[in-house]
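Common to both upcoming complexes is subunit A, partnered first by subunit B, then by subunit C.
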Partner chain A sequence: MANENRSVWTSISFWRRSAAWVTGFAVILLIWLTFDTLGQISMGTDADLKNKVTKRVPAPTVINYHIDYKYNAKRGHEVPVIGDKQPFFGKEWSEEEAAKLLHLGKLTSQAKNCMDCHTLLGNGAYYAPDLTKAWLDPAWQNGGPLQGMTGKNTVEEAMAEFLQHPSQYPTHARMMPNLGITAEEAKGLVAFLKHMSSIDTNGFPRNFSQAAKREQGGTYAH
Partner chain B sequence: MLTSIKTNEFAGSESKKLAMMYFRVAIVLFGAQLLMGLIAAIQFLAPGFLFEVFDFSVARMVHINALVVWMLYAMIGSVYYMLPDETGIETVNIGVGKLAFWVLTAAVTVVVLVYIFIQVGSGTEATIWLINEGREYLEAPRWADIGIVVVVLTFYWNVFATYMKGQKTGIMTVMVANLMALAGLYLAGMFFTDNISMDQYWWWWVIHLWVEATWEVFVGTLAAYALIKIIDAKREIVEMWLWIEVLMLFGSGILGLGHHYFWIGTPEYWWEIGALFSALEPVPLVAMFVHVLYDWGKEQGIAKAEGKPGSVMKNGPAMAWIVTNAFGNFLGAGIWGFFHTLPQVNIYTHGTQFTAAHGHLAFFGAYATILIGMMYMGIQGAYGIERLKATFRSKMAIFLITFGVVGMTVALTIAGYEQVLVERADLGGGWEAFFTAQNLPWYIQAQVWRTIMGVVTFVGFIYLVWDLLTIGKQAKAAQSA
Partner chain C sequence: MGTLFEPFTDVVPSFFGWLNQGPLTLTIFLHTVIILPMFWIYFQEKKKLNK
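Moving on to the complex of A and B:
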């Protein structure tokens, strides 16, 4: 702004300073929001689940509960609803066991590169179905085609069986390849999927599986 | 590879020679990216193709990683290329720069070989460290992450030291500040957590704050440098534009990050923040577009008024790619991004081919174009050519690649549109809805066109390589004749 005859609009130093201020302001706002968000998306505790305190991301022990995804009139979309206790692979998992299983599942999901075919929370590749609410998918429930195909009686057992031998259960020309998933890893993955289905995703995916649900009489009942 | 840019006859600039080394690897990786894309495209149509040998996940992983890495190579090359011009001195430690190049190239080779031949590992920490981190775009195993950080720090130190020692132009000031943010952000993607929401929160810090903030500013600085070199644009005007672009790009792009936080477990307030700021993201892209064309027209007008005949362009193919960048950035990142950035729309488009359509045109329009332009600048410098004119091959390359990518984008948009309506709006997502939509003729037809347009792009790439190999030698022969 050395030249006083020049308009501020053509002054490099004015724009440089403005750029610095705007960038600084945006960064500070982002950091502030990040602190707030991180607080809200930290995993809840087992006590939260027992006391029916709703968390956006519940504790790993959520695998011990029945999970549903129901329309909430106040929020205008579906939200996960954590119900009564329900055995997972035939038992109740302690805090430590559940955390360990979820850890194995999350690691396996990365080690097997799930995200380069599927989407998780809608992010990833678009070659295979979104897994955000896969746990709640009618196809995996009692009477659903995927559970029926594996000959198992629970969602978790059916999913684990499929994950270990995916190309033995072809449903379409496009199949899931065999990735050498062990029985333990498969259990971990199912825990990871069940946990993910309990995350409050602000209603994504909307009207989840409504067509399949209609056919089955309106519930996700297991 | 690329004998034409092997000549390296820069008047003593080792930095520019190093730039050409980076460009050479970049173009090889660009080819790898296209081949992997073709394999993945074919697998959509014929799922048995290479099943359980070279699965879609592997092809897709190498496709997007080759993309990111070739762009980083071309970006590093571009910085080494402009550094002596902008600072007025030679890059301070070229020996370390070269060492870093070889270390990085060796590491990339090992990572790619492991991706291709080992592919996946067991569910243990060892896999994350040695084979594959399994997080889209950031699949590189942890050892490579650390290697990348070390190499990038070396590079940054070299740039920073040269900047401090030489003259400090506005372009270099933006470059130095922006590169620090770009390098630092990578650290946000280097940890493991069991919490998938937390995982994706930080993952987007790297992905979004790279491609929708720091990379865009990087492109702004490259365009500023290139306009000065190619059409003699006035530095004062170009640098003023650059600060305005920084203001608008960071002002919208940093909080535009919110549009990735609609559905990953994060609170609802991101709907408003993401919608508002990401809706503003196209504004600077319009400005950049206007800026490039306006400066070009203005310089040409001045030359005409001064009675100078002919074009003011000193590098035809580079200018063509930079103009394509101005338009492609606005169209691919701006328009195609805005299409699905509002949460009301995004709840249906999120996770469909809509995103893939946007991704293809945005990465091409915003980044591939200008980086190819920089390679032509490199060839002009390497051969000491005063005026580099486009050949038939240059024209075929830019036409076929642009036509191919736009064609793929349109096809994927149609596929995405069908998914949005059938899979999401009508059937409500889920396993059955997904496959119903994937198997409808409308979707398959779109995938057929995508594959055809992918082949067109690849033919264009062959013309591009052919041109890069020959244009310098030809132009030099013509110049000395």
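Moving on to the complex of A and C:
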């Protein structure tokens, strides 16, 4: 009779079994989520680009295409749209060349420590502008103040020129220092930035285009 | 936005993408799989204590 009044809430085995269940389930869920994410972030192939298969992370040869940033009403933010072929530094890059250039750009971005000041795909600092979608910044396009300032006719040439002589160009309240970036490294960095801008980041950085329009004269995408 | 169920618009189809379409779908799923078994554990323990 007295046993019927014993509370389950004070029973150690109830709490032990509950904790084991919750922990065990969370472990399985996290392992599953890890593999689920791998599918989402794995890089597409050149064939995907040719067949217009949309991937979150396109192949390096995406640098041969025009990249647009369009508002998607269903998703409630802008998404990169890969368009027609567009020469990059005046030529079309093969799969090997594009991969090599992108690799050089990535290594340079690490060697020059871009993330000390800039943000790349959510990693880094906000001392200088967010570079995740820098390639799409209207200021670097034809007629934009940043492209005009370098005297070049394409986005890639303007960016490469700026990267080699950043301290010559007034772009930001906190001007970029000269990092000794060579012409080849600058090409790699621009390819790296173009590829990064083609990655579907679920709209990150939030309201990039509006921010870029609002604050003319720099990649002010916060 | 604002509706519980919306057409699936994720780039790469995935179970969790489908599950996370609305504000409550993931919450309901996690409560189902975590809280409901705890009720079962509770009544099992109660039965054991009463024996």
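The criterion applied here is as follows: the second predicted complex is superposed on the first by the 183 of 222 C-alpha atoms of A that agree within 3 Å, B and C clash if a C-alpha of one lies under 4 Å from a C-alpha of the other, contacts with A are read in each partner's own complex, and residues count from 1 in each chain.
Definition applied: a residue touches a chain if its C-beta (ideal position, glycine included) is under 8 Å from a C-beta of that chain, and two chains touch if they have at least 3 such contacts.
A quick note: this is a predicted structure, and the numbers were derived from the prediction, not measured.
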Is A:Met43 contacted by the first partner subunit B, the second partner subunit C, both or neither? first
Quick one: is A:Arg6 in contact with subunit B, with subunit C, with both, or with neither? Answer first, second, both or neither. second
Let me test your reading of the model: by the given contact rule, A:Ser18 touches which partner, first (subunit B), second (subunit C), both or neither? both
Just checking: does A:Asp130 make contact with subunit B only, subunit C only, both, or neither of them? Give me first, second, both or neither. first
More subunit A residues in contact - subunit B or subunit C: B
In the superposed arrangement, which partner chain does A:Lys74 touch: subunit B (first), subunit C (second), both, or neither? second
Would you sort A:Cys117 into first (subunit B), second (subunit C), both or neither based on which partner it touches? first
Looking at the overlay, what does A:Ile31 touch: subunit B (first), subunit C (second), both, or neither? neither
For A:Thr54, is the partner it touches subunit B (first), subunit C (second), both, or none of the two (neither)? second
Touching both subunit C and subunit B, counted on subunit A across the two superposed complexes: 11, 18, 22, 33, 36, 40, 56, 200
Residue numbers on subunit A that touch subunit C, as the complex places them: 3-4, 6, 8, 11, 13-14, 17-18, 21-22, 25, 33, 36, 39-40, 54-56, 72, 74-76, 200
Within the complex, subunit B is touched by subunit A residues 10-12, 15-16, 18-19, 22-23, 26-27, 29-30, 33-34, 36-38, 40-43, 56-57, 60, 99, 102-117, 119-130, 132-134, 137-140, 145-146, 167, 171-175, 177-180, 182, 185, 188, 192, 195-196, 199-213
Looking at the complex, which residues from subunit C come into contact with subunit A? 1, 6-7, 9, 11-12, 14-16, 33-34, 37-38, 41-42, 45-46, 48-51
State the interface residues of subunit B toward subunit A in the complex, per the touch definition above. 40, 43-44, 47-48, 51-52, 55-58, 60-61, 119-125, 127-128, 131-136, 139, 170, 192-201, 203, 236, 239-240, 243-244, 246-247, 250-251, 254-255, 257, 260-271, 273, 347-348, 350-353, 355-356, 424, 426-435, 438-439
